[in-house]
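The structure appears right after this line, and notes come after that.
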Amino acid sequence: MFWDWNYTFEILPMLARASVITIQATILGFILAAVLGLVFAILRMSRNRVINGATTAVVEFIRSTPLLIQIFFIYFVLPEFGIVLDAFLAGTLALGLHYATYCSEVYRAGIEGIPRGQWEAATALNLSPVITFRDIIIPQAVPPVIPALGNYLVALFKETPLLSGIAVLELMQTAKILGSQSFRYLEPITLVGVFFLVFSLIASAANRYAERRLTGIGTR
Amino acid sequence: MNERTSDPQPGVASQPMVRFSGVTKRYGDLTVLDNLDLDVAPQEKVAIIGPSGSGKTTVLRMLMTLEPIDDGVIYVDGRPLTHMEVNGELVRANEKYLRSVRGDIGMVFQHFNLFPHMTVLGNCVEAPIHVLGLSKAEAEERAVELLEMVGLGDKLGEYPQRLSGGQKQRVAIARALAMRPKVMLFDEVTSALDPELVGEVLNAIRMLGKEFQLTMLMVTHQMGFAKEFADRVCFFYEGRIHEEGPPEKIFNAPDLERTQQFLSAVLEAG
Amino acid sequence: MPLKSIIVTAIVAFAAGLIFASFAGYELFIPGLLQGAWITIQITAGGAVLAVIAAFTAALAKLYGPTPLRWLANCYIEIFRGTSALVQLFWLFFVLPQLGVTLSPMSSAILALGLNIGAYGAEVVRGGINGVSREQWEASVALNMSRALALRRIILPQAVIAMIPPWGNLFIELLKATSLVSLITISDLTFRAQQMNQATFRTVEIFTLVLAIYLGISLLITFGMRALERAATGGTVRGRAN
């Protein structure tokens, strides 16, 4: 066809190297999202209306506005406050922050799914809030929501190309550079698409497997 | 073996309106209807009673083509319903043929199944317009007449959510009758109603049965109504007609023991 | 989102805008940003129409179509959900011309984003149709309706009403995704913001205003969908009748 296989094999090594960056951004970003999301979720449960309201506002604000803007914002704004991050870290930070808001919703659903009786038992045993969360609530809230978190991991992975907007040398940026050098965009961009498609299909299948294993177990 | 006694009804010798001929229905290993033979004469009112799982609702659902049959044939007004004649042979009916025959049958459901996104009037004109091809004016005229007969002439513009159970069921009855079926099926139509609303629905059925000379099959727990209204009562047990006959006989002096057991249990509970 | 959250977010957004943007900033930035916002709205609207058409087509094909059509629909859905909007956008913008098809940037944008959201929308449509209870189908059979008639007059109207909230969420995702078109040189809101930022480096002001504008548009969408839902259910709450 129109496809140049020679060119394809030529660029594969470069794309492979770039995919490492993509995967690093994904993992780092998701760790941040998972941890920060839990923090957000817990803060939103606070009875203190200021903390609760402020967190809710921040979470909703970030959730409802484009990730790309948030990436630009963090990349350009932080230096003004003296924090200089390279593009990779700034972009990953933005990814993590954005997806932390989605994860916080997931955690909230998981926490709300816990019967009140668990809370009441913890009170009856005079457990402190910290211990209650750590030993009673979170171990029960998290396993059922892991499939939902898994979906967001895949979504985050698929949004790493946005980092090309601040010139991070991940897959999409590399593909664009290769394309502009050789004037052949078909192979690089299609390969990138195939890469994401294959990975996301595998990840979704793995997620469905995890879901079957995790929600089959009764926790109460 | 189950015995079956029946008193022949006058008029059955002439062509039955509904005929079940050797009809069997299975769900996996479970045989719900076992080689059923049943004839219903034109304008006959048949009450079907029996314990749950005896196959009574299945009889109606298969007649309404909601469920396919496994063996046997059902005839309506002389024509086969579940099968069609191809080169002199009976073959399973396709969708198009089914629609040409099942217009003679109407059904009222236990849970009303009104269309929530249409008004009362809308519910009753929908099928006459789109299936029978009536004009909007004709369909509305017919619907209004029926709705007034069941006492809902003032609720034409209401949505089903705003109606009581008894009102909803009366709308459902009017909606079914607007299609002018020859056979009407009633599937436990008062079972989902609060007790005080049952009477208005039964009154509507009684009145319309007389007015439109309908053939009716009713699955019901309302023994009093069956006794007064039905021409024949069929007691179903384990997928077969265990006993059938006129209400006076079945309710007062049934031949078979299981019939008596069932009736005692029901009357005690009611 | 629940009404309270919306109000809180709106207040925070506009407060932030007021705090961070000086008055001079308003005059300087707002006109250009609003021009960009207009482009954003156009792409969102065009993409939304395409998304709805694509979603219904794919879902109906998947539910009721013959096998080859079903297979096609599944391919469409898997490909557009398995790759991200940006990949699709770049593919249409960079690769199509090399295959002989040249679309304007706007057309590429609407096509890519519409098809992307449409793939997610297909699941929403399928869920909506399957959510209509089986008893409604049975009532249609009892009135001797054909399957097509029942689908058209009874099932789909009810399904559409149930679908409105999830579609609202999808349209907001679409709005957020339009920011990507700035990377294929379309002068949308994000592009304008980047432009102004490179020129003046008043990052905080500009981007806070931009975020507030995006938020404003998403609030419009949310309120629009709620109004649509109210109109469709004739004022009654999402109720089921039997």
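Chains: A, B and C, in written order; residue numbering restarts at 1 for each.
Basically, contacts are C-beta pairs under 8 Å (C-beta built on N, C-alpha and C of every residue); 3 or more make two chains touch, one makes a residue touch a chain.
Computed from a prediction, not measured in an experiment: that's the story for all the values here.
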| item | value |
| --- | --- |
| Per Cα centroids, the chain farthest from subunit C | B |
| Pair of chains whose C-beta contact count is the highest in the structure | A-C |
| Whole-Å separation of chain centres (CA-atom averages), subunit B against subunit C | 47 |
| Whole-Å gap separating subunit A and subunit C, where each centre is the average of the chain's CA atoms | 21 |
| Inter-chain centre distance, subunit A versus subunit B - centres from mean C-alpha coordinates, in Å | 57 |
| Residues on subunit B engaged by subunit C in the complex (per definition of touch) | 64-66, 95, 99, 102-103, 105-107, 109, 111-117, 126-127, 130-131, 159-161, 163, 168, 175-176, 179 |
| Residues of subunit C defined as touching subunit A within the complex | 1, 5-6, 8-9, 11-13, 78-79, 81-84, 86-88, 90-91, 94-95, 98-99, 172, 175-180, 182-183, 190, 193-194, 197, 201, 203-204, 207, 210-211, 214-215, 218 |
| Contacting residues of subunit C [partner subunit B, same complex] | 135-136, 138-139, 141-147, 149, 153-154, 157-158, 161, 233-234, 236, 239-242 |
| Parts of subunit A lying in touch with subunit C, wherever the complex brings them together | 2, 53, 56-58, 60-61, 64-69, 72-73, 76-77, 80, 158-159, 161-162, 164-165, 172, 175-176, 179, 184-186, 189-190, 192-193, 196-197, 200-201, 204 |
